[in-house]
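What follows is a short report on a single structure.
Chains here go by letter, A, B, C and D, matching the order in which they are written, and residues are numbered from 1 within each.
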Amino acid sequence: MNITLAQAEKIVSAAKEKAKSLDTKMNIAVVDAGANLVAFARMDGAWLGSLDISIKKAKTARYFDMNTGAVGELSQPGGSLYNIEHSNNGLITFPGGVPIKNGSEEIIGAIGVSGSSVENDQAVAEAGAAAL
Amino acid sequence: MNITLAQAEKIVSAAKEKAKSLDTKMNIAVVDAGANLVAFARMDGAWLGSLDISIKKAKTARYFDMNTGAVGELSQPGGSLYNIEHSNNGLITFPGGVPIKNGSEEIIGAIGVSGSSVENDQAVAEAGAAAL
Amino acid sequence: MNITLAQAEKIVSAAKEKAKSLDTKMNIAVVDAGANLVAFARMDGAWLGSLDISIKKAKTARYFDMNTGAVGELSQPGGSLYNIEHSNNGLITFPGGVPIKNGSEEIIGAIGVSGSSVENDQAVAEAGAAAL
Amino acid sequence: MNITLAQAEKIVSAAKEKAKSLDTKMNIAVVDAGANLVAFARMDGAWLGSLDISIKKAKTARYFDMNTGAVGELSQPGGSLYNIEHSNNGLITFPGGVPIKNGSEEIIGAIGVSGSSVENDQAVAEAGAAAL
């Protein structure tokens, strides 16, 4: 099972709405089951540096089928996955990346959001993922 | 002057319509005046390898404010820009990348399209750029 | 549809047999539908430089769902895809990369072979792809 | 002395068996004495992000002729090899990478395993290395 463009666009649209409701400006990326980009939107005035971060968050969430923040808890100094961020051409392991599941609970892609606090990034990513 | 997300989405939408009318499956990327990605869509079943190419076409068109095909005419063996593709982390210099202008003829971004013949890629890119 | 490891190993095994019958030493790579590596084997004494080439051939064949040599015919100076090799972190566009199809003619991955003449590379890749 | 493909395949096979016995899905990479890939297998459903990690673990283990976890103990903040992960296009220094020795205790390659907890990764890597 793989995400369709129509599904990805619905997710981006929901994420944008949530970002607006939080008065934030986000970069929003959706990747498919193969961790390849399907849809992307950068809201006007969003941080330029968050463009790459949003894509890396989406990829990271699909690479390990978990929220990016969960990876980050394990990659701290002394943690079991310390410095895992050096793999895969650079991971981002703080919150804002969330796997996307279909109705059968299969992972079909992931969303990555960056542009505000990690709490806001995560909230927007979850709103996007919940749109399916 | 810089492209807005609303303008970029209008362009992507027009490009998708043109792609469908040509019975093709395209990767469509829009960058802003700073050559940074603003919006992206990969149509279901489009070539995976065209993802990166569409983004590189959009960047190339904005890097030099001309159609990518025009750069490619100069980058051939013996040409004045021979192998310019080695710069900027990789250019794509065959057709499918087109600058985007506003009503005042100012360049505010660029579109890159990849997924079919270069003639179809270019036609879809032009249809997108003309949507403003 | 995506290739399984069991299918990929069967393909590598068939490719090795063909390579031996040609008295060659090959690098053999198989990627899945997402262009990610599934199985790899480097035969004893095979060129080291062919390791990366075999993987890039497999990825290239899946990126565009065609034999790598077909891409190379279009990427020559003056061709419609001139210097496409600069995309996707480096393509290899001479023969030796072949899409892998299942019984329903769906592309589920690709094989890339490198280590001898391009004719031998292609013959081994085809023997591998035919093993399913 | 260098590992042969036959030896590497025996190691991958043993690692797969151990992975199945632990009910895990692993990426398994074997490099030779030159730290170049010899054999690789990604089990069905294994994390995509572990593909690169398994190869980097194998390389790291051969680069320094020790278990990757031993490097990681030295690369922590304040440690003597702090952030060594930035070298060699990215090291992975948590457990799962193990040198491979022949009967004469000479190091002839290394195995890297990724896809589960670091304890499981290490157990599978050791099972692979012990197969010779």
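A few comments on the model shown:
Operating definition for what follows: a residue touches a chain if its C-beta (ideal position, glycine included) is under 8 Å from a C-beta of that chain, and two chains touch if they have at least 3 such contacts.
What you are looking at is a predicted structure, and each value in this text was computed from that prediction instead of being measured.
Counted by residue number, the contact pairs of C-D are over half the same as those of A-B, the matching pair from A-B, B-C or A-C. For the pairs A-D and A-B, the larger set of C-beta contacts lies at A-D. Here the CA centre of subunit A is 25 Å from the CA centre of subunit B. Inter-chain spacing, taken between the CA centroids of subunit A and subunit D, is 29 Å.
Looking at subunit B, one finds that residues 48 touch two or more other chains. In terms of which chains touch, the assembly is arranged in some other way, matching none of the line, ring, star or all-to-all patterns.
Which chains touch which is summed up as A-B, A-C, A-D, B-C, C-D.
Across the interface of their complex, subunit B is touched by residues 34-35, 59-60, 62-65, 77-78, 80-84, 86-89, 91 of subunit C. In the complex of the two chains, the subunit C residues touching subunit A come out as 32-36. Across the interface of their complex, subunit C is touched by residues 47-50, 52-53, 56, 72, 75-77, 83, 85-86, 90-95, 117-118 of subunit B. For subunit C in complex with subunit D, the touching residues are 4-5, 8-9, 34, 36-44, 48, 51.
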